[in-house]
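Going by the order they are written in, the chains are A, B, C and D; count residues from 1 in each one.
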């Protein structure tokens, strides 16, 4: 057992930390100014300073580092090697991930295309995504059903000659309002009569396909999240795409979705830990800089209690996420199943707790646009639903835990 | 001891419940449409449907019911008689309070003018406020200091002949961006050398006074709260008002602020309980209407646990708020000091907890504009800072509690 | 609505507070010494100082005050009038309740006999119980089944000519090891084939009936609770009692058990609040008397936070319990059903939390015999199971809450 | 980074797991029977079955495995290699640690003697302790002061010619009532005028030295803990020991105490994790074996939530404790300071939470002698005070955290 990163990873960490401190964080105001000056406020991905940062990231060897090393187009990092980088990007939550071309949902989409895409699909979509020339979206969640249960998905994908025809509604489709988003991976039902996990397929749908319309943008706690593309509600009415757009075979949708989940969770969790670290940093600085009733807030026992608890919780959480990354690298997603669920459960609740305390230390300002805390809270809060609510995962984890104890002899 | 409301209060409750169900709630979409059609999006208070509802409230005898019965202009309700009405208005958080002319910060301002205003001040400002012809704001909190400690307040109010001149910065000044807001009550320092609680004064400042500028609107999470006037950051630069605009005497600011707090807390707390009740209602309906993994969410033990805890907590909280109202009526604000602190501490944390669970039951939609839950969460979250953060009140309550035990003989 | 106790109740409160402070609390050490000197350590109820205190309680009119005023033998107090007295007895948890002849399980048993007993049963058992000449036990819970589900009860009560014959096992039968305990009320099945709630009956079993044996005493944490009779595991082997010992009719057991529950919960809850108040008192005194790192513990923000939270929580809880008592007096146990469940859920968790904090303020001593806190914790912890675990009650309360929302029109 | 144990450690884990399952756990009832048959109930360490198990542990190479490999007498394990073994012993909390001669307080005492003892002290005391021929105690905590602040310690150790003379009171001295305990390491003040951390010394005091008396045994939640020696309150009245009994030099007491703490915390924490794992095992088995309202408790969502949370929390905690062990091995106790504090804070609260839920799943039986849960709860609860209350450690950790952020540049 060894808790150090290897020398190369440490080197990459240092490179990214410098890049973040010297280039990305100072560029945040510029990014927001330039975005405000864009003709289309949803088109965040072509903002000049971002393009500039992306070029620098390429030069530093920090490009596409999310892509697992098994993939042909990967710069060769394992999940464990990528994890600490993902954490660092969380400290500049909106700008750092796209600067490295490591932001959701493109990351997951690139993985899917890399693993399951046909050569033509790769050429047409994966290549420009890896180059950050275009953006993509992932359309799974539906408004009318509890999407945590994938069998609830109602969008139809029906074969019609050389084409598939899609009908249905999707919402919370992040990035879909960005005009630079050129393609969506859509999950839907090709065969409602197949067995439970063989009914769904995934298919590539160009964003400008007739019949596909953006109904509205969803808000999260008042935020429209236009700086990373917004969350669209989409209507599919007889949306027709070539049959060759199907990813893998008919009925493979559920399996592809599962494969997509593992690495995505590591990414989300590590970035969230970065968010928490940034919040702890803000909390500590504010606590020392603010005076109430004659002494800095940092002298208040309750505030110290929050800071100590934050540190104690985040240290534990990070280790579990890193172990999960290591498990995925060594025994695969299936072998890491319990841990993947565990970090999905633990991360949002821990980080949400820390953000709430950091906000409280900042007073009303902590809820405002003057600090990144309330926006971070909103973002983290959504993770308690993403890929299914916590409760679904807890239930599943508990069932496995119980089963394990029944097949083992009584303790010791 | 008796836990029933008297017959007249029960009658008023019934009247208001009908008015809410039949008129106010159905008018909510109209209000938002008409507000969107206003020339100035911050001018919510002149929206036609609101004006119409206000007239109906007057006819029903539900007008200005917040004003304690000791006041000359009061319709004659005690705090305890008003409390259940305030709760009901919380169920339509944005529209019901102004429909009854019972929304902050005007309520507190009217009380201050009623108690401490000169005849001229009453004629000029109180009268149109009681008639809902104009709106007002209350400017106390400052961006650069921990305002929970009133002695930190830095805005200067300096005498200059027949005038006072104000210089300083204020923020979170709710309602100040509404052009219908004609006057602000401003707290500032008239004498920095006086004793700690005699340095401050309150003064009336017409919103159009030269030197007073709105710097920006503060956001709460991502909401700008334009539908109840927004929260302004204000700059006062040599703002000159007649000396007769001073409320009471120089140095009375702290005492007036204290007097303003008690009833305001009851109002906030009861409305918050109404918010919680509406959330419980939504949670129960959603839980039965939504199916996941083959059964309604309401069949999940964890969801039932949340619903039961919500009911158990809100019942306890309501009783404490009602008792506090009763104490204020019977022994006065000073005699109810501990209870006023207690409800200030208990209400936001309880209601926030319930809202978080109600959101979770709603899935991602619960965070969006489709339900009032996330906006309610944002509003309630601010109460953990309003009039000072919870921690200040807990600290003060604890000191009093400890002192009490030291002067009493050891138990029994 | 009125939150004051009537003059007579206030008078009784004052009388009991003086009696507690001047007589009961100072007698605690004597009680433990005299109990240690008893021949049988389980026979706490004949300890001389207790007998003396009982006589004084009679003279003060504080005797049998638990018995609802509808009962023939009652001194005439309503549940609401008794509640504050029950709270005060909680401050001397072990000695005060029996000093007033108001300690469980005799209280419940006397109520059952008073309501459902035959004239002969009353003469034979109720009379000496009301006079505290004998003690009793209540035997419902069984070791092999989840007793929260009364239909699980397996003990058989079979008719055999003029007798009933009992066979089965019971545990947690409080008081049964006291030789002064002369009778048990036993719940068992007379007709396994009857409908779910008509299978059970209650029957009086003299403690010395052949076939009834004490198998062992149950411990709670490490306490055997001999100072209030211990908790026995009992075996019934062909225990034969006259048919006239049946309480009410065959099949009435479930209904009698339900009737027994309501007042018992009020008693438990109010006493628990007294326990919490005593703990807050200890916590405050300790916090000021103990110095660490150069200042009293009371100067630590975290300790103040605990004290404030304790006060805020207990005030809310007390009001709910009092309202429940008032409801039982005015609309009956059935009308107070939700509230009776609510206080059963809220009380143990609130008081347990306060005790944990009070212990923490006391350091390791708080867990020891030097303070009553750990023993109180153990006692309160059992209440999360008594009459069924919290989870059963939450589940039931939630179902009712959900049903209520579905039959009401949507909010407003 | 690597999360696997090396092959040798895995081998040792397997050996100990078998030994625990096949020999230790089955010997528990025998141990309690034989202890009950001892003449002196406090003399648990000479119980035949324990002696037998100790011999087997020696043969298996599991003897004294706690002793860090730097020590001359160590079997050569690092903290990280020992940690998983310590966890396993926690599953049989009372019997497994002494079976391996790895139980507190002897472990810490042996470390102190090994590191700081003179050759004579080692020969006289360390040798028989390593052979488990005798037992020892560690006397630091005092009843009259907050001992978390070592400068509060009041016991005097005064030089008198060739001797030192001790006067003072100690309590919670675990093991001191066991007649097999032959020596105590006592912390006291040799020079009250020295600087804060140079006032204290440690000295060896044979248990039968005149002037040293056991005043009483302390109880924890009703348990006297006689099965591991009890917790004595001791009085030192002119207790005279040879000057050569001093450990190290005068004034070294504080430094020795600090050195003793690190490994002890790892041991406590890993054993506590073993306790938690045993509780989860019991919880899962009970949940499936117990039926309420027609289905096993394991089908209740709330119970599953507890089980999932337990797993998620314990996985995180274990990793942090293992990392701390690894840090101690690689950068030393000082370099692991923050982590040592963090596990001291996190472990008791996490394990206490799990035990509370495991108890709840067991119903009232969970609080009784029928399951090890309540006793485990009592033991774990004491850890929130051991070596100073959590609050002291949180405060210290927070101060360090805050300081760290002030010396680092703002994030990035």
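Here is the rule we use: a residue touches a chain if its C-beta (ideal position, glycine included) is under 8 Å from a C-beta of that chain, and two chains touch if they have at least 3 such contacts.
Composition by chain, UniProt nomenclature: A, B, C, D = Acyl-CoA dehydrogenase family protein.
Nothing here was measured: the structure is a model prediction, and the numbers come from that model.
At the far end from chain B, in terms of centres built from Cα atoms, lies D.
More contacting C-beta pairs link the chains of A-B than the other of the two pairs A-B and A-C. Per-chain CA centroids place chain A at a distance of 53 Å from chain C.
Between the Cα centres of chain C and chain D there is a gap of 38 Å. Work out the mean CA point of chain A and of chain B, and you get 38 Å between them.
The residues of chain B that reach two or more other chains are 300-305, 391, 394, listed in rising order. Chain C contributes residues 1-6, 17, 20-21, 24-25, 80, 88, 91-92, 96, 277-278, 280-282, 284-285, 287-288, 298, 301, 303-305, 307-309, 311-313, 315-317, 319-320, 322-323, 326-327, 338-339, 342, 345-346, 391, 393-395, 397-399, 401-402, 404-406, 408-412 to its touches with chain B in the complex.
Here chain B touches chain D in the complex through residues 300-305, going by the rule given at the top. Chain B makes touch with chain A in their complex at residues 141, 143, 145-149, 152, 171-172, 218-224, 290-293, 297, 300, 302-303, 359-360, 363-365, 367-369, 374-375, 377-378, 381-382, 384-385, 389-392, 394.
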